[in-house]
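Multiple structures are listed underneath, in structure tokens.
Look for subunit A in each of the two complexes below; its partner is subunit B in the first and subunit C in the second.
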Partner chain A sequence: MICTGCGCLCDDLDLTVAEGQLLEVANVCLWGLSRFFPCKRSHPRKERRRILKPLARLNGRPREVSYETALEQAAEILGAARRPLLYGLTNTGSRAQEAALHLARKLRARLEPADLAFTAPYYHSLRKHGLYWAPLEVIRDEADTVLFWGANPLHSCPRHPVRYSVFARGRFTERGVEDRRVAAVDLYRTEVAKFCHLFVQVEPGRELQLLSGIREHLEGAPGPGPAVKGTRKLAGFLSQGDFGVIFFGRGATYNQGFALLDELAGLAARLGEERPFVLFPLSADFNAAGLYQLLFNELGSPEAPDFGHESGLLTTYATADWGEFDAVLVVGADPWWFLPEEQALALQARRVPVVSLSPYANRTTASARVVFPTALAGLEAAEVAYRMDGLPVVLKQVLPAAWPTDREILLDLAKAI
Partner chain B sequence: MATPDELLEFLPGSDCGQCGLTCAEFAAALSRGDLAPEDCPVLHEPDFAGFIDALHELLGPPAAPAPAMHLDPDRCNGCGICVAMCEYHLGNCDEARLGRGPRPADRVVFKVVNGAVVVLRQDLCTRLIQAAEKCNKCADHCPTGAITLT
Partner chain C sequence: MTHDLKSCFFEVGAGGAGGPGPLSQGKLSEQHPIGWYGMKIKITGGRLYDPAQGINGAEQDLFIAGDRIVESLPQPDRVIEARGRVVAPAGIELRGQVATYGLNFLRLWGRFPSLTELGRLYAAAGYTHVHEPLLTLYTAGYVHRQLAALPLVDTSASLALNLRDLDDSLKSPNHLEELGQAVKALQEKTRALDLRLLEPFVRYRQPFYSHRTLDAAQTLETLTRLALRCELRFSLEAAPEVLEAPLPEPRVFHLAALGRALTNPRRLDQALAHLDRGGTADLGFPCQAAGGAAEKPVKVDLGWYHPLNLTPDAGADAGAAALRLARQYQGPNLAFSVDGPVRRPEAALSSWWARLRDRRPGAGADEPPDREFSLWDWVWATRTLPARLLGLADRGHLAPGARADVALFDLPPDTPPSRWADCIARCRTLLKAGTVVIEDFALVQPDAPKATYYRRTGAAAGPLLAEICQYRSFRPENLWVTDELGGDWVGLD
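Right, the complex of A and B next:
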């Protein structure tokens, strides 16, 4: 059984099911548990409420309606919009993503992946530097130098260190962590420090200086000014080993994302001249890789497509300004969770209608005008997902579903508009 | 568990004192678990063949060892590092050795269930079966400090 908790897509889960009820899941981490039981991520005792019936707002209050009525209202909202936004899709299956792209084309909408701010700097720098790439199994078998930059895998994908990056025993890393050297760079000391041989705590805003200092040390010409603490040690760490990998997380893209990823990619490219060196985004959403794979295949670029542009199609790495849209369709994401409050209030003040597809109640469904309950991909619906390194994995249906899948709803919406 | 009187039936009853006790005192010590049947020198003589096995049968299996591993479910995030690092799993569970989760039929000390580690067979723990007090691999590598060994 495959876990859809994060981009690792762990394939060694054992489910205990009795009379259509899920009783127990073995080998699942706390993060993935929320995909199987109605609880919050990493908080198993905090329950989440399942949405049982489609909801539509009547006189400002959400009311249970039939699927057909909800479909009619959603089609009316999206069909009448002059500038619609289709947001999310990183936490839904590839078949649903295909249907979403088809709908975005039909609506002449802007399609924005939920983690665009995280992956856009990476793809931008990838295009510029052209980097070495390796699947997770090759990293497990060969990587002896592992650096986490702004990433805490124990929170974003807890089993990643044990399955692929740190403790896993592979073909040429038979002793696991003893055959690897592990380092981390972060603004705060995290749990990762427990198993790192080197942990560098860098002050906010000094990451670029740290990276350029490492480059200078590697070139053998350190600058005259005072270096950021840890520069020399990190340069020494990275210059050794036969196969290296830098895993970066969201911490690397919060501020100065494009500049920092450009420097990180430049460093990986420089190190890659001597030995294989991979720069790898640690994606927490289970099918983010699938969405970018689809955009690559269909549009030739991992950038966010805008089908409403006067040229017919504009692709961009820039995140959208929510102020320009007059209708929003959210699939496989909860943008209201991290949207700045003033933006959320501005959307509310402009009465921008939101249509949300979600199995559970969340902040977005609370603000939505129409809500469709959906089946969980990989548990209640068969789907396809791409692991964080681009490996396609078939997800099976295990439990009977009382709700339609994301794909079915998106296709019905496309028909109804 | 047999009473001291029942155990006394399978002792020599001669109160020879070679063990430093009378046979009744030896029976009481056996029932408390302070001594083993093998500690009686007379029972090793050919005349008493089979008496040691009979006493073992009466005493039943040895009591389970006192818990030596404490897991804090509130701290555990189910990363499975302890399962992969366990010394017993290293030699006896291929799946865990490779970083994957153990299969249901595998004999393992612990595994991750519903997002937290649960102990299944503490008697397999290397610390107990080999008295290797120095094996702290699971606790040493736990990033959240969820495991305490005593």
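Right, the complex of A and C next:
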């Protein structure tokens, strides 16, 4: 079985199913566990509530309604909207993503991937510096110099270090971590430090200085001013080895994301002049890669498409201003979890209706006007998903589903509008 | 110029150019057979070009019933007027790099069309089949997903073998049978149409593994024995060292994208010798760069000795060398193809062909042409021969029984050579399996059915295959391409 806990899509899970019920999952991490069982990600003993029936708000309170009623209401909301937003899609299957793109076209809506703020600086930087890319298999087999920048794989994709990057035994890294040198750069000392040969804790706002210092050291001309602590060691670390990889996480894109990724991509390109060196985004959502593949294939760009623009189609790396939309459809994401409180309150004050598709209750479903319960991709619904390196796998249905899939609901919505 | 067709081809295994097996449709295709809504059509008054039947511009009617070409029709449902137009089999792109893993990154620069556009461009240029040259064991699912997203045209792909996976077996002459079975099983499991070698040698970047190295001569000698014993055939991506290496039996190797390997006159002679000995090849004209700001390097490391360069130098030299070879070679074994990711299918081959047509001394090459290139040659090199090389028995010709993939071009006999490239770059009418897809230069059937072709080898997965898959990052069942990862499938026996 394939785990949809994160972008690793580990395919070595063993499930025990009896009489249509899932009893046990082996080889799974906590993230995966929360996909297979109704428990919270970091607290496996805390239950998550499964949404059992479609919900629609009547007089401000959510009531259970039939699927047809929920569909009618959602179609009415989205059909009447002048500026709809279709948000999320990084935690849903590729077929659902295709249906969502079709719906966004029909609604003349903006479609925004949930992790646009994370990936936009990356794709932007590639345009300037080019790219050396390798799938995780080659990285596992060959990378002997691994740097995590603003990434904590133990939290974003827990089995990544074991399967691909640190402890994995590859073809030319047969002794696992003993054949690799691992370093990390982060604002705080994270758990990653326990297995890293070098951990550089950088003060907030000094990452760019650290990167330019590394470049200067690599060129053999360190600047006269005081360097950020760890610059020399990190430059020495990166200049050795036969095959390097920099995994960057969301920590690299919170502040000055575009400038930082520009520098990181420049550093990878500079190091790549002497040996293979890969810059790799550590996607946490299980099918973020699938969404960008779809955007590339259909629109020729990984930018967020806006079908409601006066020019017909505008694609942009800029994240959406939630203040400009008058209806929101959320699929495969929980934006209310991280939306700044003032923005959430502003949406509430403007009475912007939200339609949410989710298997579990979350903050977004709590604020939504219409909620559709959905089948879990890869457990209750067959789907296709792309691993974080862009390789697709087929997710199988192993349990009977009592709910429609994301794709079915999106197609029904497109028909109803 | 005509060719002796009987002597052009040979029988080598299931993928042999002259002996493709019977076509059988896969499960999905049985539900929606291609051309199911085709009608009875008569194409009247056109100048037919069909080298397979020896028809060289004769004014002749063509009859189509359903998805097939038929001898005659008493009462057609529709008549397509083709007076003054060229009627030819639809194009078959022998080396269309459209779905290679990593190619999507090229779209970042905005000068590479989306798959939807690309499919339409191919159809507009008169193509109905595109063959992707680079599918590997673990990118097979990706490539097939991409090919399925390419609209309008049928697709297929080559399995590019990484010989590092097979180096032990290549060194051991007693295991050729087992190796052959493993390769065939891989081909079927990844749903590839044929086999390809990018690096016909085993070399490691890590000095520690240098004892496992196999040079090109050793490797090609073993592969020849393997091919002869197990009825295999390989497309060999041309490189200078490939031409330098002795090819003991040229008929088991098709040299792909020759242009870039022809770096000096000696290599040109070596390529001609290969063709004269009965081997086949495709030219590999460089794809025309779209111009504008320079693209940044995009390289993808697939575990070979060299990374795959997706932004190769446009290669004016390679183009000139390919032209020179085409002009010097007099036989039938040379197909047209492009080298590198395809950006503008409508212009990729037509512009090179127009340069071949140009008989002025020095036009496109350093010496005057040795032969005159006619429409017959163009149809042969872009339709008939590619179909045979891919084992598509019912394509590339217009004989009764062939699938009705037909392209009509506005190319009056008195067209000056300067306009030929424009005329053949866009077809006026394209029929795919008897369905009109392009009419009056406009796309009229955007949802025309399409399928992906692969070779059914029937080989069982043995211990060697299990060993190859043992160290992959996916379990074997997730490496194999299943129905869900592609569109309609058609298995060729």
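The rule we apply is simple: the second predicted complex is superposed on the first by the 417 of 417 C-alpha atoms of A that agree within 3 Å, B and C clash if a C-alpha of one lies under 4 Å from a C-alpha of the other, contacts with A are read in each partner's own complex, and residues count from 1 in each chain.
Here, a residue touches a chain if its C-beta (ideal position, glycine included) is under 8 Å from a C-beta of that chain, and two chains touch if they have at least 3 such contacts.
The shown structure was predicted, so the numbers you read here are calculated from the model rather than taken from an experiment.
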| item | value |
| --- | --- |
| When subunit B and subunit C are modelled together on subunit A, clash or fit | fit |
| Which of subunit B and subunit C A:379 touches, first, second, both or neither | neither |
| Contacts of A:164 with subunit B and subunit C, given as first, second, both or neither | both |
| First, second, both or neither for A:202, with subunit B first and subunit C second | neither |
| First, second, both or neither for A:299, with subunit B first and subunit C second | second |
| Which of subunit B and subunit C A:355 touches, first, second, both or neither | neither |
| Touching partner for A:14 - first (subunit B), second (subunit C), both, neither | first |
| Computed vertex angle (subunit A) for partners subunit B and subunit C, CA, steps of 10° | 100 |
| Which partner reaches more residues of subunit A (counting touched residues only), subunit B or subunit C | C |
| Which superposed partner A:411 touches (first subunit B, second subunit C, both, neither) | neither |
| Which superposed partner A:140 touches (first subunit B, second subunit C, both, neither) | both |
| Touched partner set for A:126, first subunit B, second subunit C, both or neither | second |
| Nearest Cα pair across subunit B and subunit C, whole Å | 7 |
| Subunit A positions touched by subunit B in one structure and by subunit C in the second | 12, 140, 163-164 |
| Parts of subunit A lying in touch with subunit B, wherever the complex brings them together | 10, 12-14, 24-33, 37, 42, 44, 140, 154, 158-159, 161-164, 167-169, 176-177, 191-192, 194-195 |
| Contact footprint of subunit A on subunit C as seen in their complex | 101-102, 104-105, 107-110, 112-117, 138-139, 141-142, 145-146, 149, 204-206, 208-209, 295-303, 307, 311, 471-475, 478, 482, 484-485 |
| Residues of subunit B defined as touching subunit A within the complex | 76-81, 83-85, 95, 97-104, 111-116, 141-144 |
| Subunit C-touching residues of subunit A, taken from the complex the two chains share | 2, 11-12, 123, 126-138, 140-142, 163-164, 170-172, 242-243, 276, 278, 293, 296-302, 382, 384, 390-394 |
